[in-house]
Amino acid sequence: MPTQTEEFLRSHPRDIAADDVDLLKTAVERLAACAQSCTACADACLGEPDVAELVACVRLNLDCAEVCSAAERVLTRRTEPDAELHRGLLESVVLYTQACARECDRHGEHHEHCRLCADRCRLAEDASRQILLQIQEQQRQ
Amino acid sequence: MPTQTEEFLRSHPRDIAADDVDLLKTAVERLAACAQSCTACADACLGEPDVAELVACVRLNLDCAEVCSAAERVLTRRTEPDAELHRGLLESVVLYTQACARECDRHGEHHEHCRLCADRCRLAEDASRQILLQIQEQQRQ
Amino acid sequence: MPTQTEEFLRSHPRDIAADDVDLLKTAVERLAACAQSCTACADACLGEPDVAELVACVRLNLDCAEVCSAAERVLTRRTEPDAELHRGLLESVVLYTQACARECDRHGEHHEHCRLCADRCRLAEDASRQILLQIQEQQRQ
Amino acid sequence: MPTQTEEFLRSHPRDIAADDVDLLKTAVERLAACAQSCTACADACLGEPDVAELVACVRLNLDCAEVCSAAERVLTRRTEPDAELHRGLLESVVLYTQACARECDRHGEHHEHCRLCADRCRLAEDASRQILLQIQEQQRQ
């Protein structure tokens, strides 16, 4: 069954190749999941008794949520896309999700929300790298 | 299998009753889905040849996405929640999702993205009403 | 000299009455200032040694920033506006800015950022009430 | 008189050098102004009779608003900042503001909102480049 993201990609007036739908769908869904995880993890950190140890984690969570949300919306828009702009933004997503996963990993042993969040960050990073590879190949042609 | 939203709700340091997890999870997921649908529908409308007929739809889509995203993040945060603030924001979500569904319905016959978007708006409206009912009951006690 | 917000309101293809420009301009600018203040105050709270005492403040700051940003963008859009939708959203802004100012006031003696943020919240609340009054009057006619 | 942005930068518990306040303040204010301009220009384009010619402009406006808003909030947060992450995000801001200014310039002769928006994009680009230069210098030391 197609996911909601896939249905919308297919209902867009602009044609899209089948391979592109898969990559885009995965990226959009994982960016959304990562933004939600980071928002939830920042708040869960705030509720922990050792919040003072988690300040860097809250900060990175908030920033990473911001950047992933922006990228999710930009990739969702398919009218007049610009590969060069996507490239820059997704490279930024890779940096933020890496940094956030690294920080969350430091607290994963004590806090399940940090462990879950690190996983979502890595999934979003991986999907962003897939799109970056695709853009590179298309620019080489 | 618990969804990501459910896992995060359960990993939060603040305890939450089982019934509340279900309502909250559904609301957060549908608000996120509605925000994404509205972003996608606004962009698909922009790509249509009859974009001039769809101007009100684009505008409402953008506003509805904004309000649903804000509500999604507010509900995701569970540290020190305030039922009275949630009530006001969710009443606003009900108004926006209703208005957006109504406008999308007007174009649903010609544009699948409008039909899909109207459905997501109604699901988000319904989940918001469920939380509003729960808040009312809790305030009555 | 007109502010940027005023220039944009006047450059919009849709005509707008002079009184409305003033009210709208003030509301849009104060909502933007409040969203920025709340973002800055949340982060400054995170950097304080007594962060554990400021958890409710950070949470309210983040929520209030979200709601004010959404309202700022909704009011900025002037194509096909809907007074009824504005009313609901601005009532929510009033609730959030009040609650956030009240919480920031509790810490204002020790933290200048909380004192500054409470002021911006009250200015945004006041401007939102002005628009609400105007909507009420227009609906009475 | 210090602006609001400056007051908040100075009220933050983390010390900040005088030069950095100036650069940061300018960047945060211009990113906020650019995000607002892009939101307003997208909506004004939607209200124009020749909206079909302005579709690429609306799309770029929405994306540029997203990226500038994210960067504004990230730069506003001063607890545990990371120069490397800022660098990536600001390079993305440079690309988006350039592309948006270029597209708005194409319509500037007919639409004042496009002319105004192109100016704000260039101011945000310039301020972002200043911060990028500062990061480069600090990394060289």
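Order of writing sets the chain letters: A, B, C and D. Residues in each chain are counted from 1.
Criterion: a residue touches a chain if its C-beta (ideal position, glycine included) is under 8 Å from a C-beta of that chain, and two chains touch if they have at least 3 such contacts.
Quantities reported herein were computed from a predicted structural model and do not represent experimental measurements.
S.K.: Would you say A-D or B-D is joined by more C-beta pairs in contact?
M.R.: Higher C-beta contact count between the two pairs: A-D.
S.K.: Which of these, A-B, B-C or A-C, makes the same contacts as C-D in over half of the contact pairs?
M.R.: Over half of the C-D contact pairs recur in A-B.
S.K.: Express in whole angstrom the distance between the two chain centres, defined as the mean CA positions of subunit A and subunit D.
M.R.: Using C-alpha averages as centres, the distance is 22 Å.
S.K.: Measure off the straight-line distance from the CA centroid of subunit B to the CA centroid of subunit D, and report it in whole Å.
M.R.: 29
S.K.: Enumerate the residues of subunit D that touch no fewer than two other chains.
M.R.: 43, 46-47, 49, 55, 59, 62, 69, 73, 77, 79
S.K.: Residue numbers of subunit D touching subunit A in their complex, please.
M.R.: 55-56, 59-60, 62-63, 66-67, 69-70, 73-74, 77, 79-80, 82, 84-85, 88-89, 91-92, 95-96, 99
S.K.: What does subunit D use to touch subunit C in their complex?
M.R.: Listed in rising order, the residues of subunit D that touch subunit C are 4-5, 7-9, 11-14, 28, 32-33, 36-37, 39-41, 43-44, 46-49, 69, 72-73, 76-79, 111-113, 116, 120.
S.K.: What does subunit A use to touch subunit C in their complex?
M.R.: 43, 46-47, 49, 51-52, 55, 58-59, 62
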